[in-house]
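Have a look at the structure that comes next, please.
Naming follows writing order (A, B, C and D), and every chain is counted from residue 1.
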């Protein structure tokens, strides 16, 4: 690490929130049983149930996003079923075939800025069941969306409700990947709450890895009957954590005093400030997102200069002379670093 | 946690070694890249290579044992191959079918106290290739052993060398599961070193979860050509850790100043003391092991009394009136607790 | 083919019953729809339902035994479940890991002469659910038996009823592999009928390949709700036959005028005659089976002589100087060949 | 079957070529060993090697197309690899996820009328290896094409050579699905021979099911080292045929006296005649294909009338009032039926 450099390449570059660190130190030599059956995990799960206003939910704490996605999808789908997702969905391209490794196809449909919509899903489902040969094809057995999406965009409550209604009409579980959920909950544009998710989704997870924890994703199943013997499937996926309390402590802290609801606020505020500054300096904003990721166009020449001072994410080639890059803020981003960044991007 | 109670049920009941805790706190807000490409992971891998006297080894840091086993086995085997293991091997019964979930069969052969031997493996391989129908059967494509075994027993250098020779004769990779390796390395009866493992095994892992870390298993591949694109297979298994440095820091500390070679010493010393005390008090030792697990026979009546004061592991029914139970010590076991335990078991 | 030689090595060495041949020739240029939706397949399924006295059964025609086993098992099991079978079960050793390839473990229990019994199954299930760690283990989700077994032995109606009762007590489907079922139905010792199978099993198949057809196994699911979307799973397994009528015609013929109930009779009669002759000539009968396979002990020297005139099956080494071999008769065995064999084995 | 009706819905509606029927009848009660080790299978394989001018090729006879595709793909790919295919490829949509069931992803790229081209494949591969995150993505491990394609179109020798060169540059095996290959070989527009396929492809299969056999696909591996232990993988996929000679006899006949090279000729000739007649009658030809499938646009009203007399294939909706339908001819199509059809479509 170089103290001079600025780090805006992603939201998993730092350790954990100080409350988590403190608690891990404090409890370090305590004895607990393993595999998530300890009191910290129980308390974390109970807090999550309360935050979701969903008393009967099953909550399972897993280590990471790809693991959560492939375990949940495999646990829900039957052998003849696949999962419907945006063609840009994380599971579709960036998880090394983890869904397929367990035997299931990702059925991609077109999306816009990372989002799919109720009409698109319905049209896909209708066409599928209208096709004379659908018995020869993978059945849509689940719908996968992410919030925020891979592009930092959000579903409104209305959009999410419409998707949920289509899924229920077709009796297909809706699964929401909330790897960056704290940044959605912290966005001023967001009107979706945790209790909304618990009502509208059949399964979702609350991201810890990118939202203040060392690692961890809390999978919530509002109606636990959806997944019998989930514990065993988790074990089978190599996703059962021996010292489960390490995950328990982290989520217990994240859900104490609404920490999780607030932990993304600075990140989003800083992202907005950066976006505005970019605009003011004449950069083209590539995707106008309301969360912690800022996508913009930069000339290759300027990019080279920028790279000397700042870590950022490469997104895609824009044209021969320009590139789309990404700044990501996080729960740990410091105001002083944002200010230094604003100076660097000044034209 | 009850401060009066004594905790000897397993070796994953506490947090992490104090050096690890310190370093995690110290580095918490540093920025690093993800996915194990950070400097702590690099340093940890380099230390492990040195400790194994194996400069070219590929080292990958995974989260847990079942995950490491299923990822390694799937990465090495071809579709028509299975893995040979003792019928008591952890992968054979206690990993919820994680090997099978990726399409591979566990080919069990008889073991003794958790161990299989060169003669048994050779006889299995010879019979297989002599069978006219072996083309209709799963090919043995790997041999799996654990050290210490699930029963706390150890392979001698001679035994391990003999197994390695059979594997090389048949060109079948040898994989050693070292989930509790620190307790083997700390045992007075042990004559196998890390460099021996790197010479005799084609792949093995050094356990962190049960040996002083919050979590983590360091997979060592002495000849990296054995597994092309291991990184992608790790990702596919949901086993790629986003904030890889958390694993890196832990193994970096464990391999600083030979900590890993010594971290199990007290645990083994205390286990021997407990075993001797049990013997002196007339308990039947069920398996006489040289590591951190003590298996003994107790009447059901006494067991009930014991359970009021001590947490222990249930192992198996011995007869109508007796049970085999296990005390496990760990790197975190305190001498005062051992002394309190000795008083409790006094007859 | 050598007309002088005698062929008793297995029961899949000839083509198909003459009725089948005739019908295939007769219908060859007729037009039908594909994938088993043709009228011959419908008629065959209806005849099978009637023969099983099970009006609502779903019947699916698959090509071969390994295919039927792996498709059925994968269709029934959930991801966290495995299939309980005798350690000698065909799926356990001789199907190249076809069950595991689809992600499921074969949970073997001890058998006797190919059979497992109600007590053994119950004891396995009880122990499983009593094990504190059973959530870490593959759940028994199905019981697999074969009739006749791989050793040619039969379950009595009483034995089968007892197994069925245990399965229903534990709500675990019972699956019977009837690859050689015609030879069971033709045995004088047999007291189990097709309607019994439909009552006692949750799924079973009626073998065609070894019982008079070119190929084909008719899978019967008495209560079709057990397997939703079976057609799609069959397709996914590569087990959906394009020109389904070829299977349809074969089973339609096999179930016309009770042909299937009688097609094994000569085979069994001849097998008994051969067994008696072997006994009279002082050979040791290795397994005394009531169906179309005869297992006996022969000195290696005699075996060498025998091999000059007769094709037989190698079963296993008996001792240094003796071997267990198998004669199998089939629906196509000719009396004159049996008589020639009797002369050859005369001592 | 209704003798008045006309059948042009597909090419797997009839039985088998008369030579095959004759030979099956003639050899019916002969004795042979099983699993494709018989003399008919050997002879068939030898004839295929000769027809392909590829002496060392491994030839395996499988039952059907989906089975051949999923077995070949699983046998070739490593766990971290997927198969590149046109988005319209049969494996991408119409095989119920058979590729994914064995753990592999289908990596779709845009195609035109069923075909992909060298430039498109190369661009995909280049982009993949240029992507910084490609280690997190499924590796392209194979390219799949079909000939004729699902749209009845053909690759020219030049196009195929170019694709082959890209594959060899990137060391990625090229796999050609020839389910309807006889209709390519019979087309006047075709300039690709079997020896060309053996030179340019790393693996391909010669379709029997749609080209004159009851069933069967002959998989050819010009360099057998590509797939070690293919036999065992075939068995594992439930694709090993017990009475292998039934497949052997069929391909032996198909490759006697160049039957396979000629068997599709009438079908293609009739398809051209039908296409011309459609044009003359003012129907819009939807895809102008040189093989045995004719795709054209018809008003829904006319379609309804047509359906009373002719079986055809539904292809897709064209607009509110029109539909694209398909006539398929086959090796068994009779001239008189073609003439009756021409009268029916007369406007």
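In the analysis below, contacts are C-beta pairs under 8 Å (C-beta built on N, C-alpha and C of every residue); 3 or more make two chains touch, one makes a residue touch a chain.
Just so it is clear, the structure is predicted and the values come from calculations on it, not from any experiment.
With every chain reduced to the mean of its CA atoms, the largest distance from subunit A is reached by C.
Two chain pairs are in question, C-D and A-C; the one with more C-beta pairs in contact is C-D. Centre to centre, using the average C-alpha position, subunit C and subunit D are separated by 33 Å.
Subunit A and subunit D have Cα centroids separated by 42 Å. Centroids built from CA atoms put subunit C at 50 Å from subunit A. Of all residues in subunit A, those that touch two or more other chains are 79-80, 95-97, 101-103, 136-138, 232-233, 235-236, 240.
Across the complex, subunit B meets subunit A through its residues 1, 5, 7, 9-10, 12-16, 18, 21, 24-25, 27-34, 39, 63-71, 95-98, 101-102, 209-210, 214-215, 232-233, 235-243, 246, 311, 332. Across the interface of their complex, subunit C is touched by residues 79-80, 82, 93-97, 100-106, 132-133, 136-138, 314 of subunit B. Of all residues in subunit D, those touching subunit B in their complex are 74-75, 78-80, 102-103, 135-139, 228-229, 231-233, 235-236, 240.
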